[in-house]
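Once you scroll down, you'll see the structures, which are given as structure tokens.
In the two assemblies presented below, chain A is common to both, partnered first by chain B and then by chain C.
Up next, the complex of A and B:
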């Protein structure tokens, strides 16, 4: 579904990514791990069009997407969350999700102004779906709370719901468990599994080894912008380069 | 007391014009945090476009009956559309490339665009004031001893009607939703599939169209226009936007009416030479004591 091939990107003298390749198969949960500064977020930015690679290609469903505008890639079916939340802080939880659905709505300005029956039906459907998504992430009762007023964990879940609202085929989660306690992390892993069961392809970036080991079917390890390992979690965990290069004593026995 | 109400009516009508201009300042600021100093000149351009259209329609004086609505309607829509297109062009040619260049470069560019527009208009229509046909019947309605003209009623109705339409547009249409999202977080908005270039262009279109509408209204109100009109009116409308809370639509409206009323009373009580002093003193006091503006805190949402 997603194919990243030989992608490089540097910022001045800092090489953020060097010749990185990655494949995500349709219907899988894949993870990208690596220490801080390994280039994980840069990789996500390139996939979502928030920057273009200096070399290499990125394909989604066979289409070249590297260097295309972000909104275009979003319309094609890739949605993401951010490591440091990027909700619309002054909008309510419901409005945040409705904004996420924006891309899938069809009505034009004139229809909106005269409120044609078709436009109303579409708006009702959008709201119904937004409530379903709120329900999915357990925020149904917070529908009319401003995003900024939600707890940190709830904001993270809301951001996932907002990403799903655009009905993506590929969901990118950038450190979804960051700052969560172990109980919240378990809840989140369960949520990701639930989303995956609906047929969604998921690619996530994570720090927490325990979290990805239990969740992902495929892992790619980055270190200083280079791919040092790639494979099923068990193989990656036993890869001497991974242990040596960065996991070290952190590796759970 | 009589004079008091007469001045109040004057101030409200004047304020309606400021409010229409202030909406454009506040919308553009809300979405790209730029004080578009060329906005006042788009307003002047609106009065010149109106003149041209009125000329083409053969209107040179008062119009009565249903023709009034047709002529005024065609002129307003024409002038608003043309100004909207000018607004899009300004954004496309002057501001878009500077979107990531910090705040000073676009600000100075805005001042430059203002000069260009003023000089183009001076070449086009000459350096002296130009007469504007008095399209509205001059009949004055007596409301409790205070004279109100049809024109004054029209100004206030147009301003408030536009404001309501705009509120609906921003809060209940997909484009409005895109605008609000872009104002809050441009990057996140683009990840929601929102084309921010288009959204920003649309914001400029709507804001500039409102300035065009204000240009027609002020031309009809003062029966004259001038290439340099937008400089002073623009600054006062900007003051109105700041007073109401820049980035806030209702605030721009409230600020516009307040500035109009204050200016009108200052002219009456202190004399015309003091009206600008009073208005800009208010700007300074607002910036010092309540930088977020009157409605800035109650509804912090931009656009």
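Up next, the complex of A and C:
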């Protein structure tokens, strides 16, 4: 479904990614792990069109997407969350999700302006779906609460719901468990599994080895912008280069 | 009569933001709309009063339009008067002896809106990459350029003298003439249309896209929102409101000249938004009414008031001082504007309580 081939990207003298390749198969949960500054977020940014790779290609469903505008890539069916939450803080949880449905709604300016019956029906359906998503992430009761007023964990879940609202084919989660306590992390892992069971392909970046080990079917390990390991979690965990990269910061538990 | 209908349905539509509007509230709006539209037919309000109200109404139109650009999409536009000018000059050139073209007012309302909207896109497109302060400076530049162009294109626009003796609009063969009443009713009807437009757009796909751009543009793009197109739409629609306002303004005044559309006008309209409560439709209406009242009623009367209070001062030259003082005072005591989106906050608390959280 997603093929990243030989992608490199540097910022001035800093090489953020060097010749990185990665494949995500339809229907899988894959993870990209690595220490801080390994280039994980840069990889996500290139996939969603924030900057273009200096070399290499990125394909989604066979289509070249590297260097394409972000909104265009989103329309193709890639949705993401952000490491540092990017909700619409002053909008309610419901409004956040409705905004996420943007690409699925067909109404144009004129229909919005005069509120045609078709537009009203579409809005009603959009609200119904938004409530389903709120229910999925356990925020049904917080529908009319401003996003900024939600707890940190709830904000993370809301952001996932907003990403799902566009009914993407690939969901990118950028450090979804960052800043969560162990209980919240377990809840989150369960949520990701639930989403995966609906047939969603998931690619996530994570820091916490324990979190990805139990969740992902396939792992890619980055260190200093290079891919140092790739495979099933068990094999990756025993890879000496991975152990070395993590040594001193965080031992693979 | 038609205005009664339009006025009332529209006011209800615009202010009844919740689906289940209490009957009492509807009654208030219908009553208000009836009073505003039918009152003058029955002789309520002098010609001078209606004249002031019609002018205020034109500014309400402008403020509602600017609110789409600044309040909804969050794009600070300091050159909004340019579109007002484009609408006014559209009427002046196409309904006057200037070129011997005499198109009807009702047609020119649409032409003015379309032309101003087109210029909204033209002037908006170079600014798309800019944000905040930078955007403000560039729009400020446009606001300066447009009246300059009208001033210097003497062959077409009459230069600094502008164009005079514009046609009076007419309806069913009856000319509007110089009485304020018909302009007042037209303005009221247009405000109704503007209110419905603003409200419908805000709570729809495009309105949410604007909100997303205002709140977090990068996140908006990641949701598949074509931010370029949505920003241009905001500029165009906002400009179209100003274009309509300009057509009415020119027709009512029967005169246009470049000095009517200087920077102060842009700032005045922006002050109306800030004062009333940016982004909130009702707040914007209140803000523009209050500022027009201050400008046209309170300031001209300030000397009379001072004398009545036995103050030994001459306030004739202190208008800007008083005006500024009022603005500063309001912003100090109500920085969020006279009528911020309190409705929504109240609604929010209600539903939270209703859900028992």
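Definition applied: the second predicted complex is superposed on the first by the 247 of 253 C-alpha atoms of A that agree within 3 Å, B and C clash if a C-alpha of one lies under 4 Å from a C-alpha of the other, contacts with A are read in each partner's own complex, and residues count from 1 in each chain.
By our rule, a contact is a pair of C-beta atoms (placed from the backbone, for glycine too) under 8 Å apart; a residue touches a chain by one contact, two chains touch by 3 or more.
Just so it is clear, the model here is predicted, and its values are computed rather than measured.
Under the clash rule set out above, the superposition-derived model of chain A with chain B and chain C contains a clash between the two partners.
Look at A:75: by the touch rule set out above, it reaches both chain B and chain C. By the document's definition of touching, of the two partners only chain C reaches A:114; chain B does not. Looking at the superposed arrangement, the partner reaching more residues of chain A, out of chain B and chain C, is C. Contacts of A:87 after superposition: both chain B and chain C are touched. Contacts of A:233 after superposition on the shared chain: neither chain B nor chain C is touched. Within the superposed three-chain model, A:166 lies in touch with chain B and with chain C [touch as defined at top].
Judged by the touch definition given at the top, the superposed model places A:102 against both chain B and chain C.
Once the two complexes are laid over each other on the shared chain, residue contacts for A:142 go to chain C alone; chain B is not touched. For the contact definition in use here, the residues of chain A common to its chain B contact set and its chain C contact set are 48, 50, 69-71, 74-75, 79-80, 82, 86-91, 95, 98-100, 102-103, 105, 107, 109, 112-113, 162, 166. Contact residues of chain C toward chain A in the complex are 197, 200-201, 204-209, 211-212, 215-216, 218-227, 233, 347-348, 351-352, 355, 357.
The touching residues of chain A, counted against chain C in their complex, run 48, 50, 69-71, 74-75, 79-80, 82, 86-92, 95, 98-100, 102-103, 105, 107, 109, 112-115, 119, 123, 141-146, 162, 166.
Residues 48-50, 69-71, 74-75, 79-80, 82, 86-91, 95, 98-100, 102-103, 105, 107, 109, 112-113, 162, 166 of chain A are the ones touching chain B in the complex. Across the complex, chain B meets chain A through its residues 168-169, 172-175, 177-178, 180-181, 184-185, 187-196, 300-302.
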